[in-house]
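One structure is given here, and the rest of the page talks about it.
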């Protein structure tokens, strides 16, 4: 039995996905990247293989993606996370009747990708250099409100009043703004809602640059955050599709590509 | 009773070759030379030229008076005709960009910042010496406003009045007139006469150079490419300051080598490598960031529409009557009518030119660089994008500057762009075969 | 096939101005002195082979018989006799479609004389004049007015409104009448006819125009062609002609080189990127624009659809190189 | 012997001279000029002393060939030709009697049919029957080729024992304005009818035709021939439109030269350069010959040869080269100056920048 793996060496987390010959997902694994990209990536891969009871050799083709892709020399090939993300979303999206627009909010960047009906990237946009409106923004917020990331979701819905306006787009200024709001006696809930909305609106602006078509596929770590999803939904005014493992779509895409490449090579060898 | 550890550290001047500025150029040049395989031998001249000028800060020689130009709109034939030497001052180094930022709005375009930063610094690299005059065509706002700044720096600046509308006959006449005024200005500066002989000689110099460039240009039509874009940009950048005759000879030599490569069926890139048309703000050494990123990622820049290469050398002058007055007017026309600079009110010519380039060089996609702060390019982006959209040509719009810190993100975007182009190609082939 | 290609390139790299100069000489000899060699191309030529140059001419300008016909009394004009006119017109048309306005650019003796005057001016180093945009628009109408009068006045004579002294009104003011016979050493046209007021006015006008012609042609390239009713007449049929001036809009960079060298300062040649058939009513088809176009295939002269002279980079470079290097 | 002949010739000529006035009054000649439209009265008052002629009806005007120029309101016969009359492949001629070109009436065809002889350039003879038009003698001559055609009429009658042989002749020209269509040497060569006892032949100017015709001031040459042979010292008379008469003897080659005098002096607004005057040349020869013409005996013979011609005002009367050259020269100089000043002036207001070799 042949397996294929994709590893997404991201800024905050390392995601690994393994698929079988059919291209169905066999397993996924996520760990924090920490400082030692390379070591952690290897560990992540191995832990997943162990979990699935596979050996390194069973993985016939491995494609790396994400910021660290160049560093991960074990990979057979590397690919930009945008393409990987597109493929992953396209494959995963089939279950939901296909998607054309993808919004990905990552650790320190956010992307909007538009794909055609064959899964090719038509157009895409990324946020500017700074981390505004990215996962990192949520981290910071959570830290200031001394909550952990998972709690943000519930809090979003606890607010009775309209979400507050978080004007600062820059993470650093937003931090101080939040503190200010707390000092003014505002409740955590509306602050959090405000944060979600500010991220959502930013992201939607990004998405509009590439053009939005029917369903929107939303992935990346922050997609686990119900509150943010709600805010984004509200801002978009469209159906959102959230995959089972939002974080690993990109890795999954890489794995699928790995499989395809392998098949292609096989066939080309046959010929 | 003083403490030994406390002492005044005297100012110590380190040689330029060991300065951070030199380092910047050093890195780029090494990257250009070492990280790519089988560069043409004839490129060695240009590598050495840039190394000596940018890395070792060696002096750049010139004949007669030195006339700096801040834009390709300044008719260099006239300058040559008066026995002076034109030198293009547009600069591409991040170091000078930062120097410029010290006294210019941070939002202004890197190119202008760098140029003024260079002029303002005490050691000007390339080491051309103080220009006897700087010709400043009144093209984009930032260059217009640089005029007085350069004046304050103690340079003799001549504002070459340039119209904003290209189509109208009135502006054509206006421009012809200001070119004639420029000629008289040069006459006063050099104390020379503008003779038919001199002008013909000047036309010869540039004409030969342009012919050489056009030949070079024609080799880029070949697919798979036999020469990489980064080398072309290096060659055209050299035209800024190199002695024109020598430059021409070297380019002709390069052409000979390319002809040989062509015969040998040589490939500079994989045959599947996406062919990219580069347009927008000009890549100027050492800021070849974008072209280099494209070609690292396995693409190849097959053509460009930028004032540091194609736009500068492509268009040739036609003269009906080889008399001084008609030659000068022809020059004026040549420097106005074919120009596709976005400073003009209309975008049509540039769009048409781009589409034509994509077609004739069968490029798979377009990379549009706009220096943040260059409103004209930023504004024109939309309509250009629209045009490409209708033509079904993918385009990547990159807003950037001289700073290297967005390299990581850019590489991702460019790779993704190239990957998508590859997929398109595959599909096309599948559809075809 | 290759040698055909070679011929093509050879043609496209030709030193166009010199080629044209000799071709013009040839046509001049043919039309002005052809009579010596017993050449007679008939009286329906679509160019100023002036009939007043009696024995020597190798053919005759169509405008002369045309005006005579128009002077016929109406009952004759609108009778079977008009078949003569139809016939003559057909011949004219056949001649015309062969060369289109090329007749003006290459064959017309008056045009050639103007080019000679131009080179005289060039030799003296005096600059040429250009019309301002406004003047250009305004004066451009004149040729059409002349064309209209050229039909109306003779018709008026036939109808009995005007005296016969007004006959062939255009010939009377055409510089061809006075200038071309000079080459047959015939100065008889250089006189004022006082026999009647009309004659006096017409002949005086004629010599006035002649004077203007000389001075105009000296300071303005192809001065008279801009007003020539024959040109206007040509334009009416130019769509049917075999020789054509075509433009590939997509390949044009609008660099204006063609506009630069155009004797008739036709702006469209540079700016119009829509129309394939670029010829305007002023165009004399001298094809200088094609010779001065650096964009391969952007401008081309085609005969019956076959390109015969095409703009090429190499051609442009060789031609301009020639200009840059030759002294005189 | 030879002296005798000379003698007789002299005798005849003297006789001819003596009797000119009497003889000329009745000269018979052919003309291209159509009878006037309003000529009824005029013809009538001549009918008086021309019994032989039957009076034409007044309704002449109706069917006269159209190309007979403009009307004349004085009611006088209009002898003014219209331009372009010579570009016709067919012409009509009439017969007139009397030597006053203005007044002499149109003659009828008295006594049956008359035959005219046409000789074209090639020398081809053809005999045509003259017809009537409103009772007037007339003939429509077809001219297939461009060039000159000689038309002869021969009238014989016996009066008081003298045979009168009237030999009116007219020269018709179909001219073309395409000089190429004309066979010059054929035109140059005179057409001679050597069957005639007395003939007057005009020696053409070279390239005579549409563009080049007789004008006042020209010297026009005639040859007087008998049976094709020139007669020397023979008197030939000319009478012009205005009645100017001149008689001169022919020289050894039988040639007589007349200079066409200018008779046309309108003020220049009425001046018509196509105004055509008619002149008539005649020669009379008497011979002492006896014989009979259909029963009527005669003792002497008189031959009367006439040849009309047309001439126009000389270009020198209305053309001026001085003015022509003057005007064009003036325009050139003035225009040149204007252009020069214009260019100079353009330098002034907004200081046009100019660069050239002198700068």
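By written order: A, B, C and D. Residues from 1 in each chain.
Criterion: a contact is a pair of C-beta atoms (placed from the backbone, for glycine too) under 8 Å apart; a residue touches a chain by one contact, two chains touch by 3 or more.
These numbers come from a predicted model, not from an experiment.
Asks: Enumerate, in label order, the chains that touch chain A and chain C alike.
Replies: Output, common partners of chain A and chain C: B.
Asks: Going by CA means, which chain is nearest the middle of everything shown?
Replies: Closest chain centre to the overall C-alpha centroid: C.
Asks: So which one's got more C-beta contacts, B-C or A-B?
Replies: B-C
Asks: If we define chain centres by averaging CA atoms, which chain lands farthest from chain D? Would you check?
Replies: With centres defined by C-alpha atoms, farthest from chain D sits A.
Asks: Averaged over CA atoms, how far is the centre of chain B from the centre of chain C? Could you give it in whole Å?
Replies: It comes to 46 Å between the two C-alpha centres.
Asks: Counting only Cα atoms for the centres, state how far chain A is from chain B in Å.
Replies: Computed from C-alpha means, the inter-chain centre distance equals 40 Å.
Asks: Distance from the CA centroid of chain A to that of chain D, rounded to the nearest Å?
Replies: The computed centroid separation for chain A versus chain D comes out at 116 Å.
Asks: Whole-Å distance, chain B centre to chain D centre, using C-alpha means?
Replies: Roughly 89 Å separates the two chain centres.
Asks: At which residue positions does chain C touch at least two other chains?
Replies: Touching at least two other chains: 125, 127.
Asks: For chain B, write out the residues touching at least two other chains, lowest number first.
Replies: 323, 325
Asks: Residues of chain A that touch two or more other chains: which are they?
Replies: Counting only residues that touch two or more other chains, chain A contributes none.
Asks: Taking the top-of-page definition of touch, could you list the pairs of chains it picks out?
Replies: A-B, B-C, B-D, C-D
Asks: In the complex of these two chains, what residues of chain B are touching chain C?
Replies: 167, 169-170, 197, 200, 203-204, 207, 211, 214, 218, 315-323, 325-326, 329-330, 333-334, 336-338, 349, 352-353, 355-356, 359
Asks: Considering the complex alone, what residue numbers of chain B touch chain A?
Replies: For this pair, the touching residues of chain B are 394, 405-406, 408-409, 412-413, 415-416, 419-420, 423-424, 427.
Asks: Can you name the residues of chain D that touch chain C in the complex?
Replies: Where chain D meets chain C, its residues are 83, 178-180, 211, 268-269, 271-273, 313, 315, 317-321, 323-325, 327-332, 335-336, 339, 343, 356-357.
Asks: How about chain A: which of its residues touch chain B in the complex?
Replies: 67, 79-83, 109, 118, 120-124, 126, 129
Asks: Which residues, counting only chain C, touch chain D once they are in their complex?
Replies: 35, 40, 43, 54-55, 60, 125, 127, 129, 164, 178, 187, 190-197, 199, 203-204, 207-208, 210-212, 214-216, 218-219
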